[in-house]
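In the two assemblies presented below, subunit A is common to both, partnered first by subunit B and then by subunit C.
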Partner chain A sequence: MKSPKSNEALAERKDFIMTKGDNKGNIKCDQHSLAGAVSQRACVYSGARVVLNPVKDAYHLVHGPIGCASYTWDIRGSLTSGADFFRSSFSTDLREKDIVFGGEAKLEIVIEELMEKEQYKPEVIFIYSTCVVGVIGDDLKAVARKAEEKYGVRVIPVESSGFAGTKSKGYKAACEALLNLMSDFKAESNRVDSNKKAADRKNKIKEISDRSEDYTGMNTKEKIRVLQKKLRYINSLQTGKAIDDFKNKKIKEQVEKGKYRKKINLLGDYNLAAEGWIIENYLNEVGIELVARFTGDSSIKDIRRAPTAELNIVQCAGSMKYLAKRMQQEFGIPFLEISFLGLQDSLDSLRKIARFLDDQIIINKVEKLIARRLPDTEAKLKIYKNYLAGKKAAIYVGGAFKAISLVKQFNDLGIKTVMVGTQNGKESDYEELKELTDSGTIILDDANPSELEVFMREKGADVLVGGVKDRALAYKMGIAFFDHNHERKHPLVGFEGVVNLAQELDLTINSPIWKAIRSGIDE
Partner chain B sequence: MQDLVPEEYKERNSLVINPVKTCQPIGAMYAALGIHGALPHSHGSQGCCSYHRMHLTKHFREPVVASSSSFTEGASVFGGRANLETALKNIFAVYDPEVVAINTTCLSETIGDDIGSIINGYDVPEGKTIIHASTPSYVGSHISGFSNMVKAMIKQLSEKNKDAKTNNKLNLIPGFVDPGDIREIKRILEAMDIDYILFPDQSDVLDTPLDGNYDMYPEGGVTIPELNDTGNSQATIALGEFASSDPAFELEKKHDVKPYTLKSPVGIKATDEFLMQLMKLTGKEVPAEIEKERGQLVDIIADTHHQFHGKKVAIYGDPDIVISLTEFVLSLGMRPAHVLTGTPDNKFEKIVEEMMEDADWDYNITAGGDLFQLHQWIKNDPVDLMLGNSYGKLVAKQEDIPLVRVGFPILDRTVHSYLPTVGYKGAMLLLEKISGALLDRRDRDTDIQLTEFVL
Partner chain C sequence: MSNLKRLNVNPCKMCMPIGAAIAFKGIEESMLLMHGSQGCSTYMRRHMSTHYEEPIDIASSSIDEEGTVYGGEENLRQGLKNLIKLYSPKVIGVVTTCLAETIGEDINRIVVDFKKKNDVKDISIITVSTPGYGGSQFEGYYLTLRKIIEQLAESSGYKSSKVNVIAASLSPAEIREIKKILDLFDLEYTMLPDISRTLAVPFTEDYSKIPPGGTTVSEIKKMGDADFTIEFGDLVDSSLSTAVYLKNEFEIPAYRLPIPIGLKNTDKFINILAEISGKKIPQSLKEERGRLIDTMIDSHKYNGEGRAAIFGDPEMIYAVSSICQENGIDPVIMATGTDLDIFEKKLKELTAETRVNNLIFSDTDFEEIRNYVNEYDINIMIGNSDGAFIEEKDGVPLIRVGFPIHDRVGASRQQNIGYQGSNNFLDQITNQLLALKHNNYRKDLYKEYYQSNNDKKTSQKPEELKVGEK
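Presenting the complex of A and B:
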């Protein structure tokens, strides 16, 4: 069995890798992967899907063969406080016939089935285009326009043919779709629609609760079962609305009481493991109302109202800076790049927002919040530092902003970053990483597993921070793993997040399992 | 979820909501991983390859490595020949696999790349092998993709001795099953002292031990000489009509090796049939050890049959496993009420229909269905148990039905890929899961005063 010649990096790959201290000049990045590479990268469609999918009360229809919908079904753990339409997977399931004769006809039928056969009419349908749709040249815009006229809903095409660029292009396509949605925020018809929807729902509930059941021949248990089923159904109709009502009422009360002094939007947060809610809580506490979240736990209504905000704050710049820039152009809303990943960054971000809004009460409240939360957080971090200082970490994540914040946090915890790479970083990101790391740290763009393996071994990493595909690799090498991807189950933002990060790192790095690998047989 | 699913079922012909299938290339990739030293290669844009690797990694919790032609807009206009040639050059230079198994995608198929002719014109390095399968995502499902890649192994690699001398071996195609199943099938063959060529073989590839070393090409997998030799075997046993029978027939066409298609050997009856076929073809006896396992299994069912009898079940997933599970639960006295696969093929409906011949209860059977439809069926006709992959968990949770995870993919439980579902041992493990799920449920629903230690 020969082992792969992984340490002989491809000549073409050499420009994508550098060692801090050794190389002069810049890293090569933001390029297509090489043909034949075992790349970790995804496609344009995937970029659009992860950014747009958390819009909770839209129907997300994937126009393409079934795979594109299957692999991205509920791929992101975005939490919702209301509707959960986005957690279902809708596909046109294109077949050979559709490829030959064009997929537009099927798309029309699918929209018809969605609108006429299903019980809940969506207000907005996003149609994602995929590789094959781009090649056969379906005119999504024409189909969308026709459907809008026929059903009176918004049908928004997302130009995300997989091959037509990198994942970043997909982020842009999603941002365009969001802008498209915002462009009609004044339209009156929406209000009429949602009123009608509420009335429909109310009628349905009434109809079900009024319906008398036929219990003939049933025993008590069966009768209870029928009743329970009915109750469950009514509950299910009510829950989504009840939560929205509660939230809206709360916000309204607080605005009236003068609790909220400013209105802003949060961009580039996907409410993974409730991260968006954590940030929202801080903002609310200091007197800021969040109009819309892009896109974790966002509703169509919120997004349409987004242009009424006076500031956009951008958490994940890689995916959403584009939207921030466009909103500045279109609606004159300024934006701030912030980050709630890491303690110092969280504090800086809160202060930055308050300063920008130039409101003394908010500035004071931010200091009060920090004074209240900081000592406790620092005390907890001190405990974990005992377990983590001196460990070595390798980082390979999608977005550069995550990598940057991780290196900073590791520095704080006394963990040395020996390797850091991203899938989608830009040149300026790599410059910043160079600044933050020690001499000898490997910095790389769009790495493949062999490269990760070689550098992790060479540098003696104790833990790999990455996504799902890298987890199995790290474990195989007997190295701990920390999930910093869509699938993470623990929030990593704010005061809660930094403690979680330390806790999770301790949990994996100091797990007894790594000792079990070589003990036993060898000893 | 809950807001969305109305009780009333209206027929849909085009829209798919919550699929029970995925596309061909991932099946081809899984099959290719069962060849020793192989690097699966996806000829399309890089997203596909990433998704397939991610999905397989989630099910097996093992590293899955595959390369991609990384199509750009240029390739989509001018064809993917240049990309594939560059890819192959890079693959052999860096990853140095013994075999590259290329699958196409919807993109490369639509552009019309002719992989066969590109490979023919390519200077394959000494001692290396390239195979390729056509797997457009808009045809069939991941199961047909698996079948097509296995077919490619036969078509492009099987040979026949000039003297037509048999190697006295049996070919065995296990189907789209876990490494744990393959190990069990091999154990049975070895216990019966049967010489075999099993392919594709993902054991020791996707269930490797952790020893601190990462090996990109683990020790498992069928070898190229073994695949060459399949043309000299006595017969081919194809387990699973949908995943395995096509390649077996291909071998008959090519080298006149007789194919025998059997059900995936899940449950007593299907395992009996498998063993009987082995005896018939080889003249070998079933050893006492395996016979004892059968007896134990029957004993377990006798001890527990009251738990199962009359209970209603919904079964969904890939056709071969769903068919065998349906037969198994029928043999336990359970009532399959809803049987559904996402893979579009009317044969499925016919086969299950025949099994249900004696059923005196209402039931639904469909091929090419989705989980939304299953959910509606269950709302109208509730069941006591669901059998299927992880994607049914939201239905199970909402309708408050215990779910036993069987099939692919299982994304939220572990160990499944190491232990068998096939054979008598596999049936015991399955029974333990089903019985456990039903009794856990019963304990949960029983008042504490009425809760007993002995059940």
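Presenting the complex of A and C:
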């Protein structure tokens, strides 16, 4: 029985939904979910977990009752080229008495077990905080510090109590944990610097300060310039400049040794179905080496030396732009927002990276790569376009960058986007979506199944693009479904990705079952 | 066997609220509201949706930081209002989570207050306290059924001839099978919960967001008048048992049975139906039984080579171990993540006559299970799809039963109970053992008797010996 009321959105939700072309202001977004509205969102912990968990050789310990560890055990498709500790779910499995008396004691025992049992050899332990831990007030920092002192490994707390914000806050918590790990680099370079060069530097500073300059034949202005230069040099020896020198020297050494001309980091890729490897292959082909991947197929070692890169490229901005900004502050690494989802975006991104690195050989190699891959990809897409043009798509995904790239790709394939929404989009994302879509398209933030149902029906969508939870809804409505979730088993990035996308769309939209299920017995 | 480790690696259990969610899905026109952080409901929806392949709508009161500090009452009230507006349910289950329990939310009081201030007399709101740290999905499921009965069942003073059937957490197809068997005895019954339609919704062009089917409130109310109660929950503590409650409160005789998987367990169920209905066992069932026995004989030598690890929900482990035991498949490892005292005792009794040294664990995890699977030469695993990790890593085949099953389709169509279901289930196990045999015996015998001798004769390995090797 459908209630007539159920077809109306809740009054409190009205500002979160807009129709392109209607002259109202901006969409409301980035707010806490409405109680009872069946939001598709998860929690802070979930955000932290998805971003941080792919670090393959770290131990990811969930401090809390079992559910949080149970529902997130190995559910994402991040692939690894080496260790796979991250595919196991470690938990303190808190019980009633731990809640009453505090969970710190159990956390200490569990860390001890991790450190002392033969089968584990943790170098880094991330401790995720959960709802309960945030309430009973376990001091994770204190426990972590104690454990670090006792065992000489890094133990890094992740501030991810579920209730304390939205998923985006969890992304930040994960980024903070990564920065914490990268601070090892700073400490290390400082240590190397101080051990080896402290004496040298001291002497050098003394020598320069003591040296009397020869000002003969100089006017006052010139004298000041010489003095300023001298001061700057002394300054640079005394402060962080030494770190940069160390870093630059390292890069130079490595680049000279290898075939790569530049070293960069990839942020916001989780190597789902080898997507990170595909991007890395492109970059390698044009002469760029990846220092660290954040965080698909990343290792502790890679992350620790990430500060040596000269550029960060950010794929999923929603989860990792924060890290890029912070790395810019901390290590002076500039960043570029790029996207390898979609053909045009992939080409643009490759060119953008090459241009930024300002290296003619890389620029040429990028054009070569594009020339080699593009014709075949376009030919394949043309075939699928025949089958897909004119279809109507509804999109509801977690991150806005996915939604934006999907709309672009659908436009290229001649598919009309009739509804598009995200769980965690920001105002600027929705502005971009508004630009990209036709008049009449429904745009919505933090939607619930009732809204998805109503708008898909109203707009006559042929396919829904979404996560695991939305699949059953589409199927129950007799609508095709495209899996754009973290469990996917085929890559959607780059040249191969756009073809995979078209192929899967065709497979589901044009399946013979849609015709078959609507024929047959007369009622 | 006691478990001394504190660190849990790869959980063999879920939390209480998901048990509550499954139970409420079998109540007609019901919706569930989880009082807690937004993430809980989302995780559980995903978990259930991939298993049942159905849309699973569960609301959350979305307690935020403010709610955590000052109390989540307003979130719960608003959540109830919005849920009613969106879904117009007849029944609302309000269950707690870790967060709500830890900040000390009194859901009973809040709901009483809500009922007073709002016109919701047509809606039954049932409260269940299910802290995630208070137990596993197993306790959550049975506690919820009991709370539904405690808060709804009445006695009219007149006895009915109906039978209360308290279902274990089975598949929708299995619930349909139980109903079919009850019908064969012409029994009138109330199935609680009844997920046979709600979690296996036939496709129609007219989708409704609360699925059709489920136990109705009026039926539940009359459960206090019933003639008998049959509860599939032999390992369930009496404090969580709905049958025990109905017996104590309304003097309804209770039969507490294991899940009818295997000959012995199905016989128990069928004999009780014959007894309470006063009817002879129908010929069709007798024939099904005869066919199961025929299969048991035909397959016994293949089954005799089975060394099984069985894991998941305690009640399911008991039933699966039982069919293994009576068919000569050694249930070498029986392991649950649920912390349950009676588990070891019951399974020891069940396997008293087997020659192997059975390993029985409660409150364990998959790391421990995996260690023993390898140490004890297990050749078949039977349990939920969380065992897939071991299957992938160590190559031990997994027969998927129970909840959850994430990596195969058809969980809601699995039918492993009664004589017919047991027959199919046994075939699955036997065929897996046969596949192992046929895929390996040539290689194994070659290795053991030809290759080893040849290795002795010559230190140089002939090239062709590599053929067929891994």
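Quick notes on this structure:
Everything below uses one rule, namely that the second predicted complex is superposed on the first by the 442 of 523 C-alpha atoms of A that agree within 3 Å, B and C clash if a C-alpha of one lies under 4 Å from a C-alpha of the other, contacts with A are read in each partner's own complex, and residues count from 1 in each chain.
Everything below uses one rule, namely that a residue touches a chain if its C-beta (ideal position, glycine included) is under 8 Å from a C-beta of that chain, and two chains touch if they have at least 3 such contacts.
Small disclaimer: the values here were computed from a predicted structure and weren't measured.
Subunit B and subunit C, once both complexes are superposed via subunit A, clash.
Touch criterion not met for A:S428: it reaches neither subunit B nor subunit C.
Of the two partner chains placed by superposition, subunit B and subunit C are both touched by A:I66. In the superposed model, A:F85 lies in contact with subunit B only, and not with subunit C. Across the superposed pair, subunit B and subunit C both touch subunit A at residues 1-3, 5-6, 10, 12, 32-46, 64-67, 69-73, 87-96, 98-99, 106, 109-110, 113-114, 130-132, 134-136, 162-165, 449-450, 453, 468-469, 471-473, 475-478, 517. Residues of subunit C touching subunit A in their complex: 5-11, 13-15, 17-18, 29, 33, 36-47, 49-50, 52-65, 67-68, 75-76, 78-83, 85-88, 97-99, 101-103, 131-134, 136, 201, 203, 205-210, 337, 367, 386, 389, 406.
Against subunit C, the residues of subunit A that register as touching in their complex are 1-3, 5-6, 10, 12, 32-46, 64-67, 69-75, 87-96, 98-99, 106, 109-110, 113-114, 130-132, 134-136, 162-165, 448-450, 453, 467-469, 471-473, 475-478, 517. By the touch criterion given at the top, residues 1-4, 6-8, 10-19, 21-26, 37, 39, 41, 44-55, 57-58, 60-73, 75-76, 83-84, 86-91, 93-97, 105-107, 110-111, 136-139, 141, 208, 210-217, 219, 342, 372, 382, 391, 394 of subunit B touch subunit A in their complex. Across the interface of their complex, subunit B is touched by residues 1-6, 8-10, 12, 32-46, 64-73, 83-85, 87-96, 98-99, 106, 109-110, 113-114, 117-120, 130-132, 134-136, 162-165, 225, 233, 236-237, 239-240, 449-450, 453, 468-469, 471-473, 475-478, 517-518 of subunit A.
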